[in-house]
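The structures come next, written out as structure tokens.
Each of the next two complexes has chain A plus one more chain, namely chain B in the first and chain C in the second.
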Partner chain A sequence: MSAVLLRGAAEQGLIYSLVALALYLSYRTLNIADLTVDGSFTLGAAAGAMLTSLGHPVLGLFAAAAAGVLAGMVTALLQTELKVQPILAGIITMTALYSINLRVMGNRSNLPLLRVETVYTLFAAALPETLRPWGKFLLSLLITAAVSASLFFFLRTRLGLSVRATGDNRTMVSASSINPAFTTTVGLALANAMVALSGGMLAQYQMFSEITLGTGMVVIGLASLIIGEVIADLFVRSPGVGSAILGAILGAVVYRIIIAMALSASVSTSDLKLVSALIVTAAISFPAVRDRYRLFRLRKEARRDADA
Partner chain B sequence: MLTLKSISKTFNPHTVNEKKALDRFSLHLDPGEFVTVIGSNGAGKSTVMNAVAGVFLVDAGQILLDGEDITFMKDYRRARQIGRLFQDPLSGTAPSMTIEENLSLAYLRTAEHVSPFGLSAKDRAYLRERLAALGLGLEDRLSTRVGLLSGGQRQALTLLMATLIPPKVLLLDEHTAALDPATAEKVLALTRRIVAENHITCMMITHNMRSSLEMGTRTIMMDAGRIILDITGEERRRMTVPGLLERFRAAAERELDNDRMMLD
Partner chain C sequence: MKKIFAAILALSLLLTACSGASSSAPAPSSQPEAASSSQEAPSASSGETLKIGLVQMMEHPSLDEIREAFLAELKAQGYDDSKVVIDYQNGQGDMGTLNTIAQKFVGDGVDMIVAIATPAAQAAAAATDSTPIIFSAVTDPVDAGLVSDLEAPDRNLTGTSDAIPVDRIFALADELTPGIKTYGLLYNNGESNSVSVIRDVKVALNAAGIAFEEATVINSSEVTTAAQSLVGKVDAIFSPIDNTVAYAMPNLAQIAIEAKLPVYVAADSMVNDGGLATVGVNYTQLGKQTAQMAAEVLSGKPVSEVPVQVLSEYATVVNPDTAAAIGVDVSKYVK
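On to the complex of A and B.
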């Protein structure tokens, strides 16, 4: 695998790592499998691409994040006020977003960004000549670092601690004067803001947006998150918020490298989602399979001892 | 401090499972009063506490806390003034968060003067000091995840969290029933000390007849959603466990039955 390919994988990994961070917040912290993600990723890409094509790439990123906040709030509202089951709430929002995303892109299913300035071209232009090939990498790293640092500090504040407790022990939460409906809303809004920002960055990175960009994004984000957890587990004795955040970013990069390797091993692009589904299944089921294998060995030994 | 005016609650009304849990139940607690609650299965002991905490709204009646009508207040809003401990020692703390994070949560939510951005070094020192006072050595394990603590340690931590900023009323729902006898004794001693030090108005459901007389300043006995015995002062000091059972039989016209009841 060439260095250029590796750098490309790292750039994309950094962009997608925001989805992994979002799932850390919604899936791991709030304990909600939030399927809004598939829709809000495209929403961010659509909003980001549209504003970029109109000549406002930086505003595009902010608009993407803001749109994500709204999407997350809709899902949260469905769950908390209208008592729709969490998974169903996400599916409803995701479905509705399909129509909205088409509208955001001006009733088109794809939106190429030809001959326009993006945050990446602007950033590269500001860099000295020698660093320019690293422009995309550096800017992605910068944004991801800023977002993850903010997330880290947020989770230590009063509100952040309340969000964490909401997913951890709901009985405790309302007995400790925290309104779980509020903390759920905050958590889902922030998570989808990160997802949509990731979509907005990706659209500008690859210079186009299309309606299917977000399909399967939950699974990809989960795969990254879990790979990151496995890695963090190897190096950190007692995992905390910091190691989980770093793990999620690392996991997203590793996931992209695996995909890049699969591609160079001539797996076709259309098979990639199947590959990600397999990675997620393997990662999630790993403990169960390991335990079953241990039990199998234990029984085999017991049988041998009985025979002897 | 706490006044329940003729509250009623019926579960599953108009069905075969209809259960009248509270029937025009009235109770008044003076500031600093510590009442222990005993009674048979399904007498409505926990229902009273859930009604005060706001787990559900009562069908009729009025609940006043320190003069304020809280009958229709949401549970999480009441929780600013009401501390609660459950029987399950796991229910009061967040297992994947550390001791320090759990304490910060309890401290930051109630302490108005503290910055919402987290603990200062001074706050942290104060929390350590309060933890040390539990006498369980938890002050040296601030970054331990709470899920790794024993049930007794978790219940002691929950007690500290609930009283870190003294609540107007503390509700204890058999909070030592799931602990082994030695640990239960320790947590009861802590409860007694913390409640006395902070002059907290307290209501404690217990399955232990002896501690219902030893702890607190007043004992009430419930049956079928009503109070059938309410003793305090000299009468309570002279009361014995067999005496309590006798009084139950006289008032309820049957034997006291409670699967968990400890008579010694």
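On to the complex of A and C.
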């Protein structure tokens, strides 16, 4: 595997890690299976690409995040006010977003950014010559670090703690006179903002936006999140928010690296989905397998002691 | 147990990283990367095999046809297995995979990238601005941002476009079934090739003073409903080179034949599946022309001097069974 491929995998991993972080917030913390992700990812890409093509790449990223907030709020509204099942609410929003995304891109399904300035080209131009090939990696790293630091500190604020509590025990939260509908909305809005920001970054990274960009994003995000949890679990004694966040980022990067390795080892791309499924299965089942193995060892020792 | 697992993981990562070198020549990790270095004109100096990275966006009969014709013609041009090594990758319609494939090609130091279909070309363009990229089956290269001017490529990209000659299709329609006042446009507005063609179609119809009704679909199962919604409102249906409609072509044909509506399409495979007629792009010819351009660039011609080629030979294809069913005389075009 070449250095370019490895670096590219790391760059993409960092961009997609925001999706994993968002799923950490919505799936792990809030306990909501939020399927809006497929739609809000593309929404972020569409909004970001549209503004970038009009000459405002940095504003494009902020617009992407703002669009994600709106998408999250819609899903939250469906869940809290209209009492729609969380999964269904996500699916409804995702379906509606398909049409909206087409309109955002100006009734096109493909918006090229090859000939306009993107945040990546602007950043690379500001770097010294020798560092330029690392421009994309560094910028992705900077943005991801900023977002994850913000998430980490947010989850320690009063509002953040309320959001965490809502995922744990809704009744307790409302008994403490905190409005769980409000905290759910905040959580989903933030999560989808991160997903949309990820989409906006990806569109500028690959220099085009496509309507199909978000397809399967929730699966990729979950896979990254779970791989990250397994890795974090291995190395950290007492898991907390910080290690979970780092784990999610690492998981996303590892996932992309594995895909890149499979590709350079000449695994046919049509088998990549199978490879992904196997990786996720291995990662998810690891705790169960480990516990089984421990039980097996325990039984063996007990038998040995009984015989002795 | 934890340590053993961690050790196994680390070892397998290490092994795979090393074994990855087997698919391409020793990984060129020592040089600073090609992406931002100066222009490299591929040298066909004797004894050195050239590497070509061939990326196709997805599995699709038309795209496969282009690829096979490309490979055959490249050999015929003198670039056989002794002179070129071709690394073929299929993106399976996934953008992330396309990006990774493009980065793999750049990292492997290929002398040329051949990209079939618009997103593949765009992903390749984002990965490198120095390695020559030849695209194929891009309906509107200017609109896709790949070139600013078809005659003079300003970046490292050139190739062939399968732009549809909509004027000729409508002229054919006028000839076979004169007097159409309203066309029904049936397509998936999520496919960029369809959207480009429909844009041209609307321009042509507006110029000719013919009205049109649009019926858009998102997936193949909606084609039946969309077709039924057009019956009674239009005199003929038009569908561009649209994958979604192509998959459901037999359904569309059945509804159209029952309603005696002529269906004009933009791909000959759709005519074979039941459409009435088309003046279509021959994908084998497209692949051949792409190979000829690739050969020119491989032999040293700079990309800027190889203008984008729009296909020049079109084939009028008709379906005699459909014609008989709706009472249209196509004997002139039956081979």
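Methods note: the second predicted complex is superposed on the first by the 265 of 308 C-alpha atoms of A that agree within 3 Å, B and C clash if a C-alpha of one lies under 4 Å from a C-alpha of the other, contacts with A are read in each partner's own complex, and residues count from 1 in each chain.
Keep this in mind: a residue touches a chain if its C-beta (ideal position, glycine included) is under 8 Å from a C-beta of that chain, and two chains touch if they have at least 3 such contacts.
All values derive from a computational prediction rather than experimental measurement.
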Task: First (chain B), second (chain C), both or neither touched by A:S174 - done: first
Open item on the list: For A:L159 in the superposed arrangement: first (chain B), second (chain C), both or neither?
Closed with: first
- [ ] Identify the partner contact of A:G8: answer first if only chain B is touched, second if only chain C is, both if each is, neither if none is.
- [x] second
Task: chain B versus chain C as contact partner of A:R256, first or second or both or neither - done: second
Task: Partner, of chain C and chain B, that touches more residues belonging to chain A - done: C
- [ ] Please indicate which partner A:I245 is in contact with in the superposed arrangement: first for chain B, second for chain C, both, or neither.
- [x] neither
Task: chain C-contacting residues of chain A that also contact chain B - done: none
TODO: Provide the residue numbers of chain A that touch chain B in the complex, in ascending order.
DONE: 156-159, 161-162, 164-165, 168-169, 171-180, 238, 240
Open item on the list: Give the list of chain A residues in touch with chain C in this complex.
Closed with: 1-9, 12, 16, 98, 102, 107-110, 112-115, 132-133, 205-208, 210-213, 215-216, 220, 234-235, 256, 259-261, 263-266, 268-270, 272-273, 286, 290, 293-294
TODO: Could you pull out which chain B residues touch chain A in their complex?
DONE: 53, 74-80, 84, 86, 90-98, 101-102, 104-106, 108-110, 116-118, 143, 145, 161
Task: Contact footprint of chain A on chain C as seen in their complex - done: 1-2, 5-6, 13, 16-17, 19-24, 27-29, 32-36, 59, 89-97, 99-101, 103-104, 106-109, 118-119, 122-123, 125-127, 143-146, 148, 155, 189-192, 195, 218
